[in-house]
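One chain, chain A, links the two complexes that follow: it is found with chain B in the first and with chain C in the second.
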Partner chain A sequence: MSTETLFEKAELRNSSVTAWKEQGKKVIGTVCCHVPEEILHAAGAMPYRLRATGVTDLSEGDTWMSTFTCSYARGTLQYLIDGTFDFMDGVVSSDGCLMAGRIFDNWKYVDGNAEKKEFYLKQIAAPRMYNENAVGYYHDYLEQLRTELGAYMGVEITDEKIRASVALYNETRRLIRELYDLSKSDAPVISGTERLKLILAASSMPKEEYNEMLKDFLAKAGSRPPISDYRARIMLVGSALDDPEYIKVIEDKGGLVVTDALCFGTRYLWEPVELEGEDVLTSIARSYLKRPVCPRMVDLHDEFADLIVKFCKDFQVDGIIYERVKYCEIWGGEGLYFDAHQGMKEAGVPLILLEREEIMTNVGQLAVRAEAFIEMIEK
Partner chain B sequence: MADRNIEKVEYWRWEESRWQNPEITDWRGSLVTAGVDIGSTSTQAAIMADGKLYAYASIRTGSNSPSSAVDAMNWALAGTDLTPEDLRYTVGTGYGRVNVPFADSTVTEITCHAKGANYIYGPTVRTLLDMGGQDCKAIHCDENGAVTSFMMNDKCAAGTGRGMEVIANLLAVHVEDIGEMSFRIDAEPPPVSSICVIFAKTEATNLMRSGWSKEKVLAAYCHAMALRVARLLERNEMRLDFAITGGIAKNSGVVKRIERLIGAEALRTDYDAQIAGALGAALMGKALYEKKGGKPR
Partner chain C sequence: MSNLIGTISHQVDSVIEHAKEKYADQMWMFDVQKASWDAVYHAHDEGKRLIYVGACAPVELIYAFDCVPFVLDMIPTRLASTPEVAARYIDLAEKYIAPTMCGIDKVDIGAILSGDMPDKPDAFIYSTVPCDNSRVAYPFICDHLGCPSYCIDVPFRKNEMGFEYMARQYKEIIEFLEKLTGQKLDWDKFQAIMTVSNQTNDLMNKIADMRKITPCPLPGRLLVLNEMIPGMVGHPAMLSYLEAQYAVGQDAIDKGLGAVKEEKYRVSWLQNMLWSNVGILDWMERKFGAVLVMDAFGYQRGHVFRDIDDLDTICIDFAKKGLALPMIHGASGPVEDYIDLVENTMGDYNVNVSMFIGHVGCKHTWAAAKIITDMIQEKFGLPTLYLDVDAVDGRYKKTDEIRALITEYMETIEENK
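After this line comes the complex of A and B, so read on.
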């Protein structure tokens, strides 16, 4: 299998989606990485994480959500309305952030035919804290999802099926961690641009197929040419980033993106779901909530910053680019928090805040800021 | 009907300039490097001999960046007996840095301005404000002129040199006179509410209609521009010494108001602060040439 074959899976309507639909199977879109894909998978659907990659027209998104909302959310809504995601059979959203939550609301409102087309629409609440009450609350929504989605799919989503899905997804997580391990060396065999494509592929195709393809990629990775002509090792943190072209601009200037703390990155599928003998959905709820995913988890800010510091060490990071989509609610003020965090202070890794929009119209401005930052931290 | 004979004056047009260091009479035996800064509005070429400024030229950026680079460099070379082949290493910088046809490499204007300011103002500069044609940057640097952090403004010409040129044309005031004129007022007026070039133009027109003098309008515009960059400086933390580069450094109407707002005086210089980018690029050229063992590229 060529690498190009795997990269093709990062396309919005890739060959795996087409093949899946040709078999008469259902694709369920998800919004935010707080929708446990395992439940959708156990129902026999293909979970597909909705995104706005490559969007160039926001006319529909702007109409329904106003330009004072994040362009990632508007772009995703745009694709839902303009037919780019016409292969979807449903959408499950969490209230991961207010903007993403509005993708669901607006689309449900705009697409009056949704019910006629027998869409499955569900919004679940994902608490912003990790404690036993929050786990119980989240669990109840997951139970609703199990019941309603099972009815829609015409199957019973049993514990056994969910356990099997968790095992499959934990394997994906293990392989993705291995993928990132490739970038720990002085001369990584994969760029950040390529790696994001592989993560996007993971979110856009059946995991069984993905796992096999990624295993094959990892087995052959040793023969890929090592990248040693970079000027600095960069970590990306910030808003949902689903566009490999953004990373390419940074890497074209010599900043090799070796790791990230992004929800289309390490924060998507990383920490394994632990089935600890308790109710399976409680275990899933617990595992999903205790992950330091992004600043939405209000009581996990320290853990999140600690994770960034750990990644900085593990991946020999020279500088952090904190990219924030304009009007991002979640990442609005995190820079101030990073400034105050003791671990971040001690690590002393330079950090720059760059504001961005989903549509890549400001490549020149990004390039000059990224290049100047690289010149600043270059050793 | 006969045409009225009206002289068309371009009030925005600042004076292009060239300078040559009279102290350098023979560059032979020196490492001659050059820097070309193609900004959105102006282009500078600086030539240095052993890290000492030898000559520079500052011209308006035309519609063609590569030819602006060539024109600036040719003018800087004129009067010296240097030929382009004598330039051992040339660095392109500025937004058009990739359009310098004869450059050996490129470095961003952020790095170059810090390096140039270190040369112009000395090693005590810690906060640098570069006010260019279409953006401004607050830069922190160390005693070697190396950047330690920076922050840039948003993505338009609001509150920058080009905005000032538009106001000059609107009010029929030569752009170089704005600073001094803006202090010929009885009391400081409130700033114009928007420094978006489009809205500020409308606002200035309305103020003139309502009876404000040109001086008062200019004061209000300079005030607004100063407020904007003062906020940028505050966001990036103010560290002394403080210096300003770029074309607006020559506009006392903005500089003095910035100083008032931030409570610190900017360092003064006899150099043309607009050449800091090109000068820094030439210094980077020297460093890169030496780092690469005397080989370009």
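After this line comes the complex of A and C, so read on.
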């Protein structure tokens, strides 16, 4: 099994998707981080996180969502409309942020998709606070998802099946943490560009296959050439970043991206789902809500900043790049919280804010700014 | 500007002095503003607790604890008519947050950071709606002020599950207020306030129904002022304001009069109010006989408390009331809420001119604009004017530019008649 093959799984329509569809199985696209993939997996579907990687044409996205909106969302809608994601059998979304919600809303109204019984559409509600009342409310939506998806798939999604899926996904989480551990050393054997590809692969293929391939990659990682010619160790935080080319521009200037707090990074599958002595969906609801994933959670700003501080220490970070997609308002004000956070002040890690668009049209500008930042922080 | 609230309060006083001579028969419009700003400005002098509130805060409960609620977003909507003042706070906020964020939240943040609001609130009761911008602004303001707070997590869907989820939180707010004030809820007082609130909402609904009549008996500008209702519901001054408005409307209906001499067009705006240029409404009435009969932001269909003796029912009704508020009702949940709201408006109010006067800060409504305007075209045969504006920052587009674009559109409609 070639490690290069795992990198190739980051492609939108990769060989695993093709093989899965050839078996007559269903692929369900997910939008945002509050759709527990475990439930989709337990139903026998392949969860696939929708994204806009490499999009170069936003014409459909612009038409439906206007240009006053996040280009990542527009790009994702574009791929749904232009057929890039024509292997999807359904879309499950949460009300993650308002842009994510509108991907789902608009897709329903394109070509009367909402009326197509063969295509599964579901939007669950995810609370924006973490407390027992919120866990209960979220649980009820997960129960709805279990029932309705089970009916669509023609299966009963039992607790046992969900527990098995949780175990599988927790193994993915463990392996991904191990993958990131590779970047803690002074001379990591993997770049940030490569690592993002491996996370994208995780979101785009069956986890059973992914786990085996990632284990294989990790087992052989020691033989990869160590990277020691970098100038600074970078952490990326900010809006959904699904394009390895963006990181490559930074790394080409000598900034090795050793870690991140991105929803296509550590925030995708990291903290294990803890199956406590309670209803399995309650455990999932609790685990998903209490993770600091993105600033949509109004009461987890401190936890998010704590996590950044911890990662800065664990990965010996020299500087933070806070990338923000234009019109991504959920990330539009996080700087306020960073400035006020005592731990971040004490850590004193330099931070630069870079605005970006999903289409990589400003590579030159990014390179210049990244290089200037790296010059400032290199030791 | 060392005390923004005080300055606004004094401005209202000055306007009233001026209006006494010029608009003696319209003082009811000014009295409610005075009651609102004075209460906030003098709250602490009068020994009352000042509570900042966001959408869905249970205003009647706050009054019942003898506290003064203050809708923080009243600052940006008030300052929008003085661009140079709003700009001061917007520019300050943009040092810290994305310039693309909503002007309402930029002014809120800028005003707080500027130190121009020295009268620290005793608490802040806010919520997770209406949008991603407010979800950034409110928790930050709360942290920055360091005051006790309660955040209501508002459900995505307006259904029984959501009502019950919210109702449980309203019960917690009673405990929060009891702890804050050191007093138990005075039920007699609360019930009296709920009674006034119900009368207010009944009148609000009747006034909204009046606007369905052709010609529309009330001008578009009153829709702007009516946005104050949720923040003062249960206060006698708000009831008096609506009683006066109802009487004016009824008088016009009795005489067969409309807000303009010859009503040619019945307009609906599909997004936010243009607070930075409310005069456009008067200008449309004068120039085209085009009356804003209802807008998607200000659309209000107030729920009443069905049983003021039963706490469970009251809390469910708080939830229903909160979810029916401007912006929350159409734009904070699934797009179907927005579609239904606009469809009802277009049909019930017999609208014949549709305009998407789109505040650029309100991205989630822009992201639904095609769905909404396609529906209008399909069901009502009306095209829609798209016009990007900044509802709060008057520097975005000047009055002449807005007028020119609307004029061009109205002339097209005239030609195609």
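Here is the rule we use: the second predicted complex is superposed on the first by the 374 of 379 C-alpha atoms of A that agree within 3 Å, B and C clash if a C-alpha of one lies under 4 Å from a C-alpha of the other, contacts with A are read in each partner's own complex, and residues count from 1 in each chain.
The criterion applied here is as follows: a contact is a pair of C-beta atoms (placed from the backbone, for glycine too) under 8 Å apart; a residue touches a chain by one contact, two chains touch by 3 or more.
Note that the structure is a prediction, hence the values are computed from the model and not measured.
Asks: With the two structures laid over each other on chain A, which partner does A:Thr63 touch: chain B (first), chain C (second), both, or neither?
Replies: second
Asks: Thinking of the overlay built on chain A, is A:Pro350 touched by chain B (first), by chain C (second), by both, or by neither?
Replies: It touches chain B, and chain C stays clear.
Asks: Is A:Arg324 contacted by the first partner chain B, the second partner chain C, both or neither?
Replies: A:Arg324 contacts chain C only, not chain B.
Asks: Touch test for A:Met376: chain B only (first), chain C only (second), both, or neither?
Replies: In the superposed model, A:Met376 contacts chain B only, not chain C.
Asks: Looking at the overlay, what does A:Gly364 touch: chain B (first), chain C (second), both, or neither?
Replies: In the superposition, A:Gly364 touches chain B alone.
Asks: Going by the contact rule set out at the top, does A:Arg296 touch chain B (first), chain C (second), both, or neither?
Replies: Second partner only.
Asks: In the three-chain superposition, say which chain, chain B or chain C, touches more residues of chain A.
Replies: Larger number of chain A residues touched: C.
Asks: Common interface residues of chain A with chain B and chain C?
Replies: The overlap between the chain B and chain C interfaces on chain A is empty, containing no residue.
Asks: Applying the document's contact rule, which stretches of chain A touch chain B when the two form their complex?
Replies: 350, 352, 362, 364-365, 368-369, 371-373, 375-376
Asks: Spell out the part of chain C that touches chain A in their complex, as residue ranges.
Replies: Counting only chain C, the residues touching chain A are 96-98, 100-102, 105, 109, 128, 131-133, 135-140, 143-144, 151, 153, 155-157, 161-162, 165, 168-169, 333-335, 358, 360, 363-364, 366-371, 374, 388.
Asks: So in the complex, the part of chain A that touches chain C is made up of which residues?
Replies: 63-66, 68-70, 73, 95, 97-99, 101-102, 105-106, 108-109, 123, 125-129, 133-134, 136-137, 140, 295-296, 298-299, 301, 324, 326-337, 339-340, 355
Asks: Once bound in the complex, which stretches of chain B touch chain A?
Replies: So the residues of chain B in touch with chain A come to 95, 107-111, 146-150, 152, 155.
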